[in-house]
Each structure stands twice: as C-alpha cells, then as structure tokens.
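These are the structures in question, set out in turn.
Both complexes below contain subunit A, partnered by subunit B and then by subunit C.
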Partner chain A sequence: MSESLIKNHNERLKGLIRKRRFWNIFLSIGILLGLIFSSKIIDINASRLLSGLPRLGDYVAQILPSLETNSLFLDSKTEGSISYWYFNLPKYLHLLFETFNMALVATIIGSSIALFLSFFAAKNTAPNSLIYFITRRTLEFFRGVPEIIFAILFVWALGIGPIAGIIAMMLHTTGSLGKLFSEVHENSDVRPREALKASGGNWFSEMKFGLLPQVLPNLISYILLRFEINIRASTILGFVGAGGIGQELYLVINFNYYEEVSAIIFLIILTVISIDILSGYLRKNIIEAE
Partner chain B sequence: MTDKDIMNLHPQVFYPLWKRSPLFILTLISIFTYLIFSINYFNFSLNDLLNGFSKMKPILISMVTWNDFFTWNFNSILIGILQTLSMAFLGTIAASIVSIPLGLLASRQVVKISLPRFIIRRFLDFIRGVDILIWALIFVRAFGLGPLSGVLAIFVADTGTLSKLYSEAADNSDNKPIEGLVSSGATKISTLRFGLIPQVMPIFISQSLYFFESNSRSAVILGIVGAGGIGLQLSERMKAQYWDQAFFIILLILIMVAVIDRVSRALREKLINE
Partner chain C sequence: MKSLRIKNLKKKFKNTIAVNGINIEIDEGKIIGIIGRSGAGKSTLLRMINRLVDPTEGSIEFDDIKVSSIKGRALRKWRSECAMIFQQFNLVERLDVLTNVLIGSLGRNYNLLNLFGIFSKEEKINALKNLDRFDLSGIALQKAGTLSGGQQQRVAIARALMQKPRILLADEPISSLDPKNAKRVMDDMLKINREDGITIICNLHSLEVAKKYCDRLIGLSDGKVVFDGNPEELTTEISKELYDLDNE
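Then we have the complex of A and B:
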C-alpha cells in the first residue's frame, strides 16, 4: 500500500520535472533565437557597444555640473555654485508650472469625457450592443495611438504650444480611462441597481444612486494614477513642440547647453517623484476609506 | 405612508445637495474655477481651436484616401516594424537580466541591512523619474542616431521599473521554504536558489513578458527622437505630410500591438498555470 503510494508520488514528481524541463528548454531556445534574430536586424554588436560606451561616459561627465565645495552657496556669477548651475531657475519653474497645468487640465477634461463614455462601453450599462461596440472601438483607437503622435498632428494643426499637448493627452486619457472605468462598472454589484429599477427608478437614477456610489473610489484612484502618467507625458510632449518643460529640454540637449541638461532633468525627476508620492498617498487613503 | 411621511422619517436624505454633501459641491466649484483659470493661463480661445480643426479636415480626408497605395515603400515599413520589435526584445531581455540581481539586492527578503537596500531603491526611483524618451534623446546624443540608442533607452528605463517589481515580488514571497532551508543548514546561495527563486521566477518571467508588450508600444515613439524603428518611418512621413502613409503605419502599429498583446497574454496565462 505505502509502496504503491511512494511509487505513485515518484511518477508524479517525474512528470512535473519533465514538464518543467520542457518549458525551460522551450523558453531558452525561444529567447536565444530571438536574441540572434533581433541583433541581426538592428545590427548591434559588441564592438559598436564598446566604442560607444566611452562617448556615453564623456557625455554624462559633460552634462553633470562642475560644483565646487568652497563656492557651493555663492551667487550665480561664481562658477561652481549651485545658483550658477541653476541660473535659469525662474524660467524652469515657470515651464514646470505650465507642464503641471497641462497634465491637470488634460486629466480633468479627459476623465470627464471618459466617465461619460464609460457607461456606453460597459456591457451591463450600455443601452444596446451597437453603441457598446462603437464606443469600445473608439476608445481602443484613442489609447492605442501614442499621445506623442497625436501631439505631432495637433502641433501641425493648432501651432506650437501647450494646447496641442493638452488635447493629445486628453484623447489618450479618455481612451485608457474609458476602458478602465467601464471595467469597473462591469465588476460592480448589480443588486443596488436592481432594487432601484424595481422601485421604479429610470436609467439615470440607476446610474447615479446604484452604480456611482460603489465605483467612485475606484474611479478616483484611477484618475490619480492617470494624473501621474500625464505628468510624465507632459514632460516629453514638448519634444515635438507641444509645450511644457520638454520643449526647453529638447532645446538644451540639441544645442549642447551641457549643464542645463542635468539641471532640467533633476527638476523633472523631483517633480515626477513628488507627484508620485503625493498621489500614491491620496490613493491609499481613498482605497482604505472605502 | 405618503411622500411627506417618508420625508419626515429620513429628513437628511432630502436636504438640498449643498447641505448633504458639501465636499462634493466644493470639489465641483474648485474644478470649475481651476478650469476658468487655465483658460486664461493657456490663452485658450475657441476660435483658434475651431480654426485649427478646420485645418485638420483636409488632413483627415487625405489620411483615408490611399490613391497610390501600390507605389508605397513597404520594404522600409516592414524593416521599421522588425526593428521596433527587436529593440523591444533586446531591451527587455537585457533589463530583465540586470534586474534580477538588482531586484534581489533591493529586497527585504535577501538583504537584511537597510542601508544598501535604501540606496538601490533611491537609485531606481531616480531612473524611473526620467521618461524613456528623455533617455532615448540622451543616448542618441551619445551613440548617434539609430536603433542601438533605442535599445539602450529601453534597457535603462526598464531596469528602473523591473527591478522595483522584482524586488516587490521577492518581498512578498513565502518565508517558510527559506526558513526550512536555513534550519537544515543550507548555504546562503542555495537558500536563494531553492527557497526563493522557484517562488519568484514565474512572476519575474510574466512581468518581463508584460514589459515586452508595453515596450513594443513605447519603442514605437522612440523613433521620433531618432532612435530608429517604425516611429522613425512614421515621423518622417508626418513631417513630409504623407498623411495617407502615416495613417497606414498607425493602423499597422495598432495591429502589431494587438497581436503582441494576445500572444503575450496567452503565454503569461500558460506560465502562471504551469
């Protein structure tokens, strides 16, 4: 009896090991083939990488500021001080403020449109399947196209400036939040809505009293997350002329104003991280308060 | 019971809105005020917007009229797509390989002392604070135009995120197998190899797959700053105002991303079930 048990167990173990081994080999061969194939396509090789590395080192050394400890806190006329490095700070802060506002406006408008559309994109709230299908495909298109592609298009149509960036981010926000919101709707409890329906509520009151109170914390948390993403996006949309600090960064990188590059990048990192922390804190509180 | 009785029974439900949820009204008012402020701040005018959109009408029309479809340079488009996929693949693999030691070092489960963990975590935060497109721009300045810069940008940006995710996976792993190994006298290395790695490897692989998926998306835009791939083809055509070809490429990108999504989701499910 016990012998057959052990035998059985051993058989199973062997089977598991065989399966595991098959997957390991399958994955390794796949990765190896992929590596060979893709390095051939983009013509990458060790000598190119090695010859580039010192240049990268040089570049990093150039963009880092030459701070000197004994003149660190002197005025902006002295080389080696922080204020010499950040002599353009007022301009940067102005641009950062613009970047921040671009992200905020795009998030507000985009999430409002997304909320409106999400009712038509969720299976359990859409009035009929045709509208459901059309809304879904539209949202897919808006989140499938990278926002910077939209930005190029709108810069061409509306001219250089933050408005193009805002509209580009807004479209992308609508696309991705619309999908997320509709999934939240689909996962919501149907009983409050049924109760409202049974007591004679119409579609609107069903949504307002039966659906929204359950899903609102989730929606807000998604909006905050999207705001973080938009802050990041708004720092780069300037590369194609759509406003914000990215425009200045693109300029200083291309004109080789070396120390300004690191000055701006540090500011961007500081902004992104502090917004992330703030919004992470808010999100945690909202979900815990639920 | 009449309506009035019900209202008397639960008066708080029937208060006016501002009394029932002042926070809601306050939020609405502040959002509204902010939007008015931003209209001023951005010098937004509806007229300009409408003018711009009317300028877009011919673009939109030329996007969908493919007159000389058979004369387009499909070869360069195909190479662009292959390049983009290769960039995403190489970048993800390289980042995954580097992220395994970095992620383990940043994990509570492996390194008990908090100082090195803290330093690595802040370093990873720093990397993640810089957008992938900024990395690409920097690498293009250092390595020159081409997909190599794109691979490096993906590599660096992903190392920041993947290491963090890996370290979180290691943090959340079960302590019991590790304790069992320690109590039976295993060395540090074999504790990791047989206690931790078998638990976290499926998560690592599925996260890397997920990143390959998202990288095939971000690799598309790297071409805009000159890091090669299909993005380069797209932005060149947009600059030259070949809107029809540009739209064709956008459609191709959407299809490519959708296909990769499907394949990678299927693979991930398979991996997690194994």
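Then we have the complex of A and C:
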C-alpha cells in the first residue's frame, strides 16, 4: 500500500520536474537568442567600444578642475582654488533651489491627482468597469509618454522656464503613482470595508475609513520615492529649456566651460545623495510611527 | 404580522446553490440562532438580509420595507438599521477604538466633516457610552489592531450599537475566540437584546451555545430549513442530521 503510494508520488514528481526542466531550457535559449539578436540590431562591437573609451577619459580629464594644493582655500580671484572653481556658486544654488522646488511642486500635485484617480483605477474600488478601463488607459498614457517629450511640448507651448518642467513631471508622476496606488488598493484587506458597507456607510466613508488607513503608509513611501526620482528628472528636463540647474548645465556643456560642467555635476550628485538619505530617513520614521 | 418576513429566498453562485428556497418569519426582540454545518448557507442567508449579497430569487421584507429590492439611499438606511458583526471582527486595525466605534454612526448620520475624521461631540459621547457598557472605555484611544480577539469583537458590538439598529446580524461571532471570550461576547449580545430589545440573528457553529442563548433555532442543511423551533425541541436525532454525523 505505502510502496505504491510512494511510487505514484515519485512518478508525479518526475513528470513535474520534466515539465519544469523543459520550460527552463526553453526560456534560457529564448533569452540567449534575444540577446544575440538585439546586440546585432544595436550594432555592439568590441573594437568600437575599446577605441571609444579613451575619448571618454579625455572629456572627464578636461572637465575636472585644475586645483592646486597650496592655493586650495584662497579667494575666487586665485586660479587653482576651490572658490575659483565655484565662482558661480550663488547662481548654482539659486538654480538648484529652483530644481528642488520644481520636483516638490510636481510631486505634491501629481500625487494628489494620482490618489484621486487611483480609486477609479483599482478593480475593487472602481464604481464600474467602464470607468476602470478609461482611468487605467489614461494613467498608462501619462506614464507611457517620456517626461522629456511632455517637457519639449510644454516648453514649445508655454515658453522656456520651470512651469513646463513642472507640468511634464506632474503628468508623469500622476501616471506612475496612480498605477502603483491602485495596486496597493487592490491588495488591501476587504474586511474593514465590508463592515463599513454593512453599516450603511457610503462609498466615500468606505474609502476614507475602510481603505485609506490601511494603505496610507505604502502611499507615503511611494510618494517619497517618486520625489527622489523627480529631483533627478527635473535636472534632465532643464536640458530642453524647462528651467532649473539642468538648463545651466546644458549651457555650460555647449559653450565648453569645462570646469563649470564638473562643478555643476558634483553639486547635483551631492543634492541627490542628500535627498536620498533624507527621504530614506523620513520613510523609515513614518512607517515605524504607524 | 411578524416584522421580518423571508419568502422563498434563493441564492445561486456560479456552480452552487447556497440558499435554496427559505421561508421564515421572525418576531422582534428575540434571539434567533441559525445552526448547521459549514456550507449550509448560514452566512449567505445573513448577508442577504443585510444585502451584502443580493438574492437570486425570493423576497425579504421588514415591516413595510422591501429589503430585497431597495437601492441607493434607502438601502444604506436599511443597512444602518440592520447592524452586522463578523467572524473576523472587521475593525479598522490602524485606527483607534473610539474612531472604530464612531464609524458605526456614518450610515445613520453622515456629514461631510466625517470625511476629515471629525465627529460631533454628541456622537463621541455616544460612542464612549457604548464602549463603557462593555467595560471598554479605558482602551478607547488604543489602536484596534492591538486588542485581543474578544475585545475586538466587543468593540464591534459597540460599533453596531452606534447604528441604533433594530436587528443585529452576527455571522459566526465567536468562532475565532477562546471559550472564555466567547462567553463574554455572547453575554454582551444577550445584554443588548434584553436591555435594548434589539432582535439578534446569530449564526452559530456550537449547538451548546445556541441552545443556551437562543429563543428559537433554525437549522439549515444544503440551503434549506430542516428545523425550526424552540431549543428544547431540538432532539439528538435532528442535530445529528444537521451536522451530518452519520456520514462520518
């Protein structure tokens, strides 16, 4: 009795392993073929990469400042000092602040719209499937179009300046956070909402008391992450005239003000690092406080 | 005329018939126990009375309310008069106990300020009083998720009372509790039935508890009523049939 039981089980197990093995091999071959095929299309070849690399080094060497150890801390008139390298610091800081504000405004407005739309984009909270379908597709459009395209469009329509960048980032933030929020809603526990419904509460109170308290820590975490992303994005958007430090960076690159390029890039890296640390700290505290 | 009248009630899910033609009438002010094994249709029946589940056929009436066909505002009003508690308590675990109780008032007395978490002073006092009836006012500011199962279920009863209900539906209220907490919850339900005259319809797994607390028992099997009477009338034979003991 028990022998046949074990035998049957082993046979079933073997069948399962065979099936799994087939899929593993099939997938591996598929990925390998895809890799070869796509590298052919984009024309990767080793010799070009190798000959190009030194040129990369040339550019980096050119943009690095020529600092001298004995005049490092002298005033901005002396060549070789840090303040000579950063002679334009007040302007940079002002532009950096503008970039920061662009990201902040875009994140706040974008995530508010995303929160509103997310209720219509989640299967378990949407009033009906038509609204669900329309909202989902709208969100996909907003996040499917690259920010830079939106930025170019709005710079063209509204002129050069931060407003174009803010709207571009806001749209993209709405698209991606709306999707993430709606998926958080879909994973929420249905029981508190059921109780709200059973007590005669309307849709709004069901969302406010049955759903939001559960999902809020997750939403905040996503919003902070998006803020970090937007800080980086708003730098890039400056390249097409959407304001902030990126616009200045684009300028100094084009005019070959080599030392200024490195000065700005270092500042940006510093900012991104400090925002990362700060928002990581915030996220941890908010979620622990809950 | 009885106040709650259920006629030929049926509910079909995709492949199964959960409730298959139930006819019952229920007096106000009694405790009615619905007994039967899992899958007998007890939960579906209760959920249809509150309209969390819509019936496929038949009708439910309460006084002159056509419960089975109302919609929108009328439906929400009915739900607020017909409170419900659940096996898993269904509290909002991240909110404090007081807010959880206040939530019960939303169906009866809703205004826009509630959406910002603001409730009137009367409702707050009401909620505290309801908590105090079950010796829970001391934990009003604690998060609901930190309470024991027994406490959570009694908070759920306080929340139900906030609705000022005429009926309380209890769907397996003590199935996930230990015997001591189960007794406490049943005693509390008895208390609101005797003191406030609220009709209680209660799904129960345990025959013992059902016999002890209920004025009338309704036995379901395969979505049909197979017993309806006083607890004394329930013979061992019928209970064996109800719980399908012969087949085991």
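Here is the rule we use: the second predicted complex is superposed on the first by the 238 of 290 C-alpha atoms of A that agree within 3 Å, B and C clash if a C-alpha of one lies under 4 Å from a C-alpha of the other, contacts with A are read in each partner's own complex, and residues count from 1 in each chain.
We take it that a contact is a pair of C-beta atoms (placed from the backbone, for glycine too) under 8 Å apart; a residue touches a chain by one contact, two chains touch by 3 or more.
Everything numeric in this text was worked out from a predicted model, so none of it was measured.
Applying the stated contact rule after C-alpha superposition, one finds that A:Ala195 touches subunit C and leaves subunit B untouched.
Looking at the shared chain after the overlay, A:Ile166 reaches subunit B, while subunit C stays out of its contact range. Contacts of A:Arg55 after superposition: subunit B is touched, whereas subunit C is not reached.
One of subunit B and subunit C touches more residues of subunit A, and that partner is B.
Of the two partner chains, subunit B is the only one touched by A:Ser38; subunit C is not. Shared-chain residue A:Phe209: touches subunit C; no touch with subunit B.
In the superposition on chain A, no subunit A position is in contact with subunit B in one complex as well as with subunit C in the other. Chain contact summary for the complex, subunit A toward subunit B: residues 19-20, 23, 27, 31, 34-35, 37-39, 41-44, 48-49, 52, 55-56, 58-60, 101, 104-105, 108-109, 140-141, 144-146, 148-149, 152-154, 156-159, 161-163, 166, 232-233, 235-236, 239-240, 249-250, 253, 261, 265, 268-270, 272-273. Residues 31, 34-35, 38, 41-42, 44, 48-49, 52-53, 55-56, 59, 79, 82-83, 85-87, 89-90, 93, 125-126, 129-131, 133-134, 137-139, 141-144, 146-148, 151, 205, 217-218, 220-221, 224-225, 228, 234-235, 238, 250, 253-254, 257-258, 271, 274 of subunit B are the ones that touch subunit A when the two sit in their complex. The touching residues of subunit C, counted against subunit A in their complex, run 50, 52, 76-81, 83-84, 86, 88, 90-95, 99, 103-104, 106-108, 110, 114-115, 117, 156, 159-160, 163.
Partner subunit C is touched in their complex by these residues of subunit A: 191-192, 194-202, 204-205, 208-210, 213-214, 216, 290.
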